[in-house]
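Both complexes shown next keep chain A, but they swap its partner, so chain B is in the first and chain C is in the second.
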Partner chain A sequence: MSSVIRDRRRLTLLGAFCLFLSMVEFMIPKPLPFLRLGLANLPILAGLSILNPGEVMILVILKILGQGLINGTLFSYIFLFSALGSLAAGLVMMLLWRFGQRFFSYIGISILGALASNLTQLVFSMLTVFGKEAWLIAPPFLAVGTVTAILLGIFAQRFSLVSQWMKEERRKNEGHV
Partner chain B sequence: MKLFKGTNLKIGDLAAFLAAGALIGVLSFQIYGNRNDDPYLYISNGGQYWVYPLEEDREITVPGRIGDTSVKIEGGKAWVIDSPCPDKICVNAWPLEREGDWTACLPNQIFLSLTGGGLEELVDEFSY
Partner chain C sequence: MKAMFKRLKPEFLFVCGLVIMICFIFQGNLIFRAFQVFLFVLLSLLLGKRFKLLPNLIMLLSVTLIYLITPRGRILFSLGGWAITQGSLFLGLYRGLLLVGLIYVSRCFISPRLKLPGIIGSLLGDTFSCFELINENKNLFSLRRPFVSLDEMMIKISRQREEPAGLSGAQKEEAPGRARFGDYLVPVFLLILNGGLLAFPYLWGWFQNRPV
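Entry: the complex of A and B
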């Protein structure tokens, strides 16, 4: 594990942000079950430019565990929804960042990450829990996910341009190469 | 490969946005485009399912993962009146009255939706 993690402090800080944003999201009332803003994805999105692929996936796992702790779902079947969705989103965002930067900015990566997460959760709920009627959830679930993904993508884009910390971390990475 | 000068938007961003929009549009059209006037209430607890007409007022107790969820049908609408979940999102949700409306109690693994089609059709459909 230590060979994957280049900078433990950086990963811990981003993991703590995931935990904090999970708590913020927990405090926001939800009009419908399943609807989530996905605020805790922001540190993962922002971290794409300063973390290696292994670190990104470790951050995703930290986010999943943090969300489970905050929501009290760590030992319930609902945890599987969150885990599968987050892993799908993390994988898609990491691959797009690595191989698709020519075509995608943070905004496109965020939209496709949200889509991957939401579709994975939807298919999982149809196949294992609620049956095919669960497809009725899709329109509001995907719409809310897409809108928040765009806003998070815009924020991550702006943050990566103006943050001195991000610039410093990127410079450190270049020093390693 | 920037889409517009002076912005950081790229061609893939537009493609991702259009793909998401198209998917939401097609699904919305399929679900909300041709609503049935006499939908049935479909209830699932992950293992069993129940189908009720909305014409007859009644209260239903559905066994779930952590306890019983109570559902009421009255005046052509259906809603959750009680459930053993901690957050009560399902209890505070709007009543279901049109085909395509749904709600769920995730902790208790209960899903409710209004679905169209005749009762026989529905029974066949869910008897897979």
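Entry: the complex of A and C
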């Protein structure tokens, strides 16, 4: 695994930002406990252009475990929901970035990542908690997920254009090659 | 109570939580499960964790309502044309309490000081020390200019990390000190109580059917 990591500091900085944003999200009041904004996915989205596929998946694992430890949800269903959703979203976003960069912007990648995450969580909730009635919560769940994914995508797109930090990291990557 | 739990090793709390979680998951009696949830919430309050009644109630009620859609067992009463059945009500409450209870077991027994083994554990350690740096610099972030301020924050933290290692906030924190005998009492009591609640229906059944 250590051979996959090109820059440990960069990877853990993005991981720490995932935790910071998840803490920010934790403080935002939500009308329903199942509704999530997914702010913590922002560093993963931004990291797609500077990390290799292996690093993206390690970042996703750091986010999942870090959130589980900081919010203390490691033993709960929330952790399983979050882990499955994050892994599905991370995998889809990484594959789209790698193979479909010409066709998708950050916004498109963010929407499809959120869809992958929400659908995985719905199927899991159908199998474990709610049974087949889980599809009843699907419309609001998917709608909120799509709206927040569009906003996150817009933010990531703007950030990647203006960020000096990302420019510097891209330059470092070119130096590596 | 908070100081007592802080002095205990995170690994000890993790194992206690794991055993309690297993006892909680396999608890078959609805009343006992409700009592266990009450205990976990009480412990979480004593540990100074944040508690909000409404999100927990919404979670419990929404799970119960979804189970009530499919009728199971005896009809208790009808709301318009909707039959509220005993089986669905019990199953919904049983599952809803499981969800709520697991959150509190986890909050009480999972410590951010818990160190995971291997490369992922070491990366997570670095992530947490960087997280402390972000927390120390969080005032740099401004909602008025989110892109620029976030970028400045990332540049500053990257530079700080390149400097010779200083003490991060987490490391500066005072060590919690050695655990005393009394510190172990609450987790061990909870272990025994939850194990007892799991075993009670089986022991009671054996006691009633024992050969005289």
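FYI, the second predicted complex is superposed on the first by the 176 of 177 C-alpha atoms of A that agree within 3 Å, B and C clash if a C-alpha of one lies under 4 Å from a C-alpha of the other, contacts with A are read in each partner's own complex, and residues count from 1 in each chain.
Keep in mind that, in the parts below, a contact is a pair of C-beta atoms (placed from the backbone, for glycine too) under 8 Å apart; a residue touches a chain by one contact, two chains touch by 3 or more.
Owing to the predicted nature of the structure, the values given are computational and were not obtained by experimental measurement.
**Student:** Quick one: chain B and chain C on chain A, clash or fit?
**Tutor:** Once chain A is superposed (C-alpha atoms), there is a clash between chain B and chain C.
**Student:** Pick one for A:68: touches chain B only (first), chain C only (second), both, or neither.
**Tutor:** second
**Student:** Touching A:142, do we find chain B (first), chain C (second), both, or neither?
**Tutor:** first
**Student:** Considering only the touch criterion stated at the top, classify A:108 as touching first (chain B), second (chain C), both, or neither.
**Tutor:** In the superposed model, A:108 contacts chain B only, not chain C.
**Student:** In the overlay, answer first, second, both or neither for which of chain B and chain C A:133 touches.
**Tutor:** In the superposition, A:133 contacts both chain B and chain C.
**Student:** Using the touch definition from the top, say if A:100 reaches chain B (first), chain C (second), both or neither.
**Tutor:** Once the two structures are laid over each other on A, A:100 reaches chain B alone.
**Student:** Scan A:174 for contacts with chain B and chain C and give back first, second, both or neither.
**Tutor:** Neither partner.
**Student:** With the two complexes superposed on chain A, say which partner A:76 touches: chain B (first), chain C (second), both, or neither.
**Tutor:** In the superposition, A:76 touches chain B and chain C alike.
**Student:** Tell me which partner A:16 touches in the superposition: chain B (first), chain C (second), both or neither.
**Tutor:** The second partner, chain C, only.
**Student:** More residues of chain A are touched by which chain, chain B or chain C?
**Tutor:** Counting residues of chain A touched by each partner, the higher count goes to C.
**Student:** In the overlay, answer first, second, both or neither for which of chain B and chain C A:157 touches.
**Tutor:** first
**Student:** Give the one stretch of chain B, out of 9-17, 27-35 or 45-53, that collides with chain C after superposing.
**Tutor:** Only one listed stretch clashes with chain C, namely 45-53.
**Student:** So which bits of chain A does chain B touch that chain C touches too?
**Tutor:** 30, 32-34, 72, 76-78, 129-131, 133-134, 136-137
**Student:** Would you pull the chain C residues touching chain A in the complex into a rising list?
**Tutor:** 17-18, 21, 49, 55-56, 58-59, 62-63, 66-67, 69-70, 95, 98-99, 102-103, 105-112, 114, 116, 119-120, 123-124, 126-128, 130-131, 133-135, 138, 146-148, 150-151, 154-155, 157-158, 161-162
**Student:** Show me the residue ranges of chain A that touch chain B in the complex, using the header's touch definition.
**Tutor:** 30-34, 72, 76-78, 100, 102-108, 111-112, 115, 129-131, 133-139, 142-143, 146, 150, 153, 157, 161
**Student:** Per the contact definition, I'd like the list of chain A residues that touch chain C in the complex.
**Tutor:** Interface residues on chain A, with respect to chain C: 1-2, 8-13, 15-17, 19-20, 30, 32-34, 58, 61-62, 65-66, 68-79, 129-131, 133-134, 136-137, 155, 158-159, 162-166, 168.
**Student:** What part of chain B is in contact with chain A in the complex they form?
**Tutor:** 1, 8-17, 19-21, 23-24, 27-28, 31-32, 42, 44, 46, 49, 65, 86-87, 89-90, 93, 100-107, 109, 111, 113, 115, 126
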